[in-house]
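Every chain is named by a letter (A, B, C and D) in the order it is written, and numbering of its residues begins at 1.
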Amino acid sequence: MEKIPVGILGATGMVGQKFVELLSQHPWFEIVALAASDRSVGKNYEHAMAWSMPTPLCRKIAAMPLSSCLPQLPCAVVFSGLDSSVATDIELSFAQAGYTVISNSSAHRMRADVPLLIPEINSEHLQLLENQQMPGALVTNPNCSVIGITMALKPILDIWGIEALHAVTLQALSGAGYPGVPSMDILDNVIPYIAGEEAKIESEPLKIFGNSCCERILPHSMRISAQCNRVAVADGHLACISIKLKKQATATEILQAWKEFKAEPQQLKLPTAPLTPLIYLEDNKHPQPKLHRHLGLGMSVSIGRLRTCSLLDWKFVLLSHNTVRGAAGCAVLNAELMAVKGYLKPQLIHV
Amino acid sequence: MEKIPVGILGATGMVGQKFVELLSQHPWFEIVALAASDRSVGKNYEHAMAWSMPTPLCRKIAAMPLSSCLPQLPCAVVFSGLDSSVATDIELSFAQAGYTVISNSSAHRMRADVPLLIPEINSEHLQLLENQQMPGALVTNPNCSVIGITMALKPILDIWGIEALHAVTLQALSGAGYPGVPSMDILDNVIPYIAGEEAKIESEPLKIFGNSCCERILPHSMRISAQCNRVAVADGHLACISIKLKKQATATEILQAWKEFKAEPQQLKLPTAPLTPLIYLEDNKHPQPKLHRHLGLGMSVSIGRLRTCSLLDWKFVLLSHNTVRGAAGCAVLNAELMAVKGYLKPQLIHV
Amino acid sequence: MEKIPVGILGATGMVGQKFVELLSQHPWFEIVALAASDRSVGKNYEHAMAWSMPTPLCRKIAAMPLSSCLPQLPCAVVFSGLDSSVATDIELSFAQAGYTVISNSSAHRMRADVPLLIPEINSEHLQLLENQQMPGALVTNPNCSVIGITMALKPILDIWGIEALHAVTLQALSGAGYPGVPSMDILDNVIPYIAGEEAKIESEPLKIFGNSCCERILPHSMRISAQCNRVAVADGHLACISIKLKKQATATEILQAWKEFKAEPQQLKLPTAPLTPLIYLEDNKHPQPKLHRHLGLGMSVSIGRLRTCSLLDWKFVLLSHNTVRGAAGCAVLNAELMAVKGYLKPQLIHV
Amino acid sequence: MEKIPVGILGATGMVGQKFVELLSQHPWFEIVALAASDRSVGKNYEHAMAWSMPTPLCRKIAAMPLSSCLPQLPCAVVFSGLDSSVATDIELSFAQAGYTVISNSSAHRMRADVPLLIPEINSEHLQLLENQQMPGALVTNPNCSVIGITMALKPILDIWGIEALHAVTLQALSGAGYPGVPSMDILDNVIPYIAGEEAKIESEPLKIFGNSCCERILPHSMRISAQCNRVAVADGHLACISIKLKKQATATEILQAWKEFKAEPQQLKLPTAPLTPLIYLEDNKHPQPKLHRHLGLGMSVSIGRLRTCSLLDWKFVLLSHNTVRGAAGCAVLNAELMAVKGYLKPQLIHV
C-alpha cells in the first residue's frame, strides 16, 4: 500500500514532537511536511527544537526543513499540535483549503460540526463530517485528562449508565508543553490549579458521550465536577474518580466490563490501537505514572483500586499517558480510523 | 512559672523529633526524659537518630540519654510519637501508672473514653477524661490529614451544617515516617494509596465533630469519601475538598466565616496557637506545600480556590503542615489547652 | 542612626527579590526605590512579579510602585540584581550620575578599576574606588559558586599558599533565575553544563585573591579547572574541591584554620555577617544543600569531608547558599562594609 | 543451539531483577533457577519482590519458586546479584562446588586469581581462570561507576597512556539498591558521599588496566582521585573526568579514538554488545542521564564536553546506565564472552 503523505502543524512543540515520533515509522502515513511558527521556518527540524522524545529522531526527518503553517503543504492530511492560541485560525484555513485536519488542539473541539473523537468510544460521531461546510475536514481529539477518564467510563456507561462523575487529577509536567512549568515551582511542591483544565473535564465528556442525532450531538446529561493538580511527574496523568451509576452494579461486574472491553480500533486492528484498551491492576498501590504509563505503548488506560464510595457509588484510580493516549497517539488513531472508513483522501491538495 | 517536666515516647522517630523541636524552647514545658525502643536505650539522643528537623538540635537535649518506654520516667506528662504498632500497650501502661499521655498515635483515637482533640474544634471533649477508668489520662490528636480538613470545615459546619464530604489528598513524604518512601518509588511518580489512611479520614471527623453527651461522643452524621495519594513533597498535605451543606451559603459568607474564625486557643493565647488558624489565599494557584506550609509557624491551615461544585455544593483546596499542625504541633497545643484547664498535674509520678 | 535610603535595580528578578527580603528589615538601609524593566514600570511591586522568597513580602514594599532603571532614583546607593545583558550600560549610567552601585551582576566584575569584593577576603580592594573615574562608584561581588569556594580557601591560602584548584560544582536551580530551568529538563536528571559558569570560576578567584598594588590588582597565580553541573536542588551550590598547596599542611591544621577563621565583617559586627563564616561538619554525608544551606542565615559556608587527594593534596566538599551568601547577601555585606568605612554617602543625588 | 541453563543468586534485589530482565529473553541462556535469602525461599518470584524493571515480568519466571542460595541449583552457571555482605561466602561455595559464578558483587573483585572483566577492555584477563584453584570458576565485573569510566578511557590509554585521573561522580538512586535512599533524604538535595565508592574508583581501574603476566595482573600505575555524590536521578551515573596523558593528543585525535573504538564484543557480535560502545555527543549540555542512559539499550557509554583542563590535560563528562552497563548488563556480556571462548560448560553440576 502506498503511504498517505501527511504534514504536522506545530511540529516543534511537545505534541508536535510526539507526532513526529509516532508517525516516523508509521505503516500507513509518511511525514512529508513539518510546519512551525515563523521564527523556525527554513531551519532544519533538528535545529529548530530540542528533541525530547525517548526514541532518537530519525535522520531523514531531522534534516527536513520547516515550512510555514500555511495551507500550501504537499499533502492532503495534516496533524495539528498547535497551541490553541493560534490553532483557531490556522486549522480553519487548512480545512477551508481542502485539507483534512486532525487536531489535538482545543480550539475547535466544542464546535457543533466537529467530531470530538476517541475511536474506542464514539466513532459514529465521524458522521458529523458530512455536515461540515468546508472543502476539507476538521476532526479533534479531547483533552489529555478527558481521554483516559472517558475510556475507563465507556463500558460502565454502556451497561449501567452514569449520573455523576467526580474527578481529581494529578497531572504530569509534559501536559504543560515546553518550557512549561519552571522547576523551582514544582520541586518539592504541588500546584493545585491548571488554567482551563477543569472546565474541559466538566464539558468535553458530555459531547464525547453524546448521541449523534439529526446532524448534531445531543450532549450527555451526567453531572461532572473536576479539580486539577500539577505534580512533579514527567508523563502520565492520574485521576481519582468517583461515579454514581443509574443502575446498580457489583464490583465483579465492573471489573468484567473493563476486562472485556474492546472496540472498533481493536476489531479493525488499527496500527496504533492497543490490544487491551483498559488494563485493571490488582495491586492497591497501582496504577502509578512511572510504572504503567507505557502499557500498550502508551495507548492503554490503567485502572486500579475499584471500591465503593460512600457518597457516590464507586471510586477508582486511572492513569493514561498524556502525550500518547491523551494527545498525539489518540490523534493518530483517529486518522487510522478515518483512513479505514474512507475519510482520508490521499491526493495532493492543489494549491 | 515553674515549667512542667515532660517526657517524649518514641523520641527518635519523625514525630518524636518534631516533639523535641517544638518542646525544647517551650515556655511551659521542659523535656526531662526521652524514651525509645530498646536498641536506642542508653545512647545519647544525638547518637540514636539522624536529626532531620530544620532547626539545630540544642546541646542539652543532644546529650540526654535515652530511656526505655517504661512508666518510670521522672515526669507526670508524656508526649507519644510512638508507632501505632507499639503504642497500644505502651501508652496504656503509662496511663495506668498515672501519667497523662498526650498521643499522636492512632492506637487509641477511637476509644470511646479518649478525646480525639483539636483545641480549635472540640475542647469540650476533654470532659471524657472524667470517665477514664485510669489513674492517669490519655488524650489523642487526629490523623495528619484529618486535622487540616476538619479545621477548615469547622466554621462551615457551625453555621450551615455539612451533609457530605469528598476529600482527595496529596500527602507529603514526611507523613510516612523515616526511612519511609524509597526515593526510587516516588521520583517522577505518584503512589495512589496510603495504607489505612482513607479509613481514618472517613471515620475520625465523625468523632471530632460529634456531640459529647452522657459521658460519650455521639458521632456526627456526615457522609465522607476519601482517596489518598503520596506525592514527592517533603512536608505539607494538600486536600481537594467537595462538600454538601445542610443550608445554603454564599461564597462571600463562607470566606467571611473562615476569615473570622478564632477559637479557644486564640482566645487563651496558647503559646503554640496560630494567630490566624485559617488563612484564605486569593491566588488561584494557592495554597501550595512549598509556599504555605510554614504559615503560622506551621500551625495555620491554608485554604484556596473556593468555588461551586456541580455535584455537591462547594469545592476548595486546603493545605496543612503534616508534622506540625497535623501531628506534634497539635499534640503540644492539646497539652497547652489541658494545662490551662487544669488537666495537667505537674507532680512527679512515684515509681 | 538615620537609615541610608537605597534603591534596587532589577527588583522583580530572583536576586532582586532576595535584595528586597534582606533589606526590608535592615537596621542601616531603607528601601526607597524599586526599579525594573519597562514592562513593569508603574505597577505596584507585588503585581509585577510572583514573590518567591520564603518570608512574606512586607506590606509597605508590596505597594511600592516600580520605577525605570534610570539614574533618577531618590537615593545615593543602589543594589543591582540586573541580568548581565542589561547591567553593563545601566550600572555605568548610575555610577556616572553619582550613585554608588553595589552589583551582583557579572557585567563589570573583571574591570580593572572595580573591586570584586568579599568582605571576609579582600576588603582592601575597596581602595580601587579611589581610582574610579566616575562621580559615583561601582562595586561588585563574585559569582555565586566562586564566593563559597574562595571563602573556604581563604585561610588555607593565607597560611600555606595554593598552587592549584580543581572544582566540580553541583548547582541549584535558583542560580538560573526565574523561570530558569524547565522542570521537564531537570526532573530525574542532571545537566552537566552551565553557560559561562566554568570560565567565571576559573578567572574570578585570581582577581579576588590578587594583591592590590599600584592602583590595580595583580592576579593570583593559582591554576584553576572547573566543571559545573545543574542538579534538582532549590537552593545551595555544592562544590567538590581538590587543591594543591605550596607548603605542606596537616588535616588538623587545616581544620583549625577553618575553625578559627574570622575576618573584618565579624570584627566589625556587620549586621549581615555570620558569626561563623566557615562551619566544618564532621559527618561524612555533610554538607548537604537541604540540611545546611541556611546555616548562619544563609551567610555561612559549610565544609565537610576533608581528606587527602592522591593527585593534588587535599579534597573536601563545600556548600553555600547561592542566592544569599552567593549573591544578594554578599552584596548587602559589601554595602555594610562600605558604610562602616565611609564609602557610602547617604545624601540624595541631585537629578 | 540449545540454551545454557543458568541461575540467578540474589534474584529479588535490584541487580537480580535486572538479571532476570536481561536474561528472560536471552538467545543463549535460559533461567532455570532463582535463588534468594531464606525469607523468600519457596515463594513464587512475583510474590517475593516488587518488580521494578521497565519491562513487564514474563509469566513463566513470575511463577518460578525461589530456591536457597545453596550450590544445589540445576545449572552450571550462576549470575550473582548478591549484596557484598553475603556474597563472599556464597559465591565461593558455588565456585568450590563446580559452578561458574559470574558476579556483580564487589566481594571477590580484587582477589588475585579473579578476573575483573569488561569484555571491551581486558578479555585477556580471563586467563586468570586457569589458575583458580577451584572446581568451578569465579568472574567479576567492576563497580558501576568504574565500568563507564574505564570504557571511556580505554582507547585513550591505548594510544597516549594515562598518568592521572580525577573523577567526580553524580550517581543515580538505583545504585543504592532497594529500598536504598529514603526519599526525604534526596528530594531537593544532594548527598556528597557514598560509602566505599571512592575507594573502588581509586583501585579497580588499576586492576582492569593491568597487564596479565606470569599468572597474575600487574596493576596499572595511574594515580586516581575520586569523589562521589548521590543525586535525585533514577538511573544513570554521570562522571566529570579530568585526565593527564603520557603523550600529547589533540581533541580531534581523541574524538577519533572514541569514534573508532570497537573491541571483541563488537567483533564477536555478542548478543548484549552495543554496536557503538562509546558515543560522543556534540551538544554542550549532553550527556544527560534522562536523555542518554538508554543508548545502546543501556550498554553504550555516552561522552560529551571534551575540552582542555588547565590542571591536567583534558576534561570531559561521561554517562553510563548503572544497572545495565554498570552491573547486570556487563555481567551478561562477560558470560557471553566466556561462552564464545569456551569457558562455560553447560552440563549440570552433580550434587
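Methods note: a residue touches a chain if its C-beta (ideal position, glycine included) is under 8 Å from a C-beta of that chain, and two chains touch if they have at least 3 such contacts.
Just so it is clear, the model here is predicted, and its values are computed rather than measured.
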| item | value |
| --- | --- |
| Of A-D and A-C, whichever chain pair has more C-beta contact pairs | A-C |
| Self-contact between copies chain A and chain B, residue sets same or different by half | same |
| Between chain A and chain D, centroid-to-centroid distance (C-alpha), Å | 41 |
| Gap in Å, rounded to a whole number, between the CA centres of chain B and chain A | 43 |
| Whole-Å separation of chain centres (CA-atom averages), chain A against chain C | 48 |
| Residue list for chain C, restricted to those that touch at least two other chains | 52, 187-188, 232-234, 291 |
| Residue ranges of chain A in contact with chain D within the complex | 52, 54, 187-188, 291, 294 |
| Complex contact set, residues of chain C against chain A | 52, 173-174, 178-188, 232-234 |
| Contact set on chain C toward chain D in their complex | 164-166, 168, 170, 187-193, 195, 202, 223-225, 227, 229, 231-234, 238, 240, 242, 284-291, 304-305, 309-312, 315, 317 |
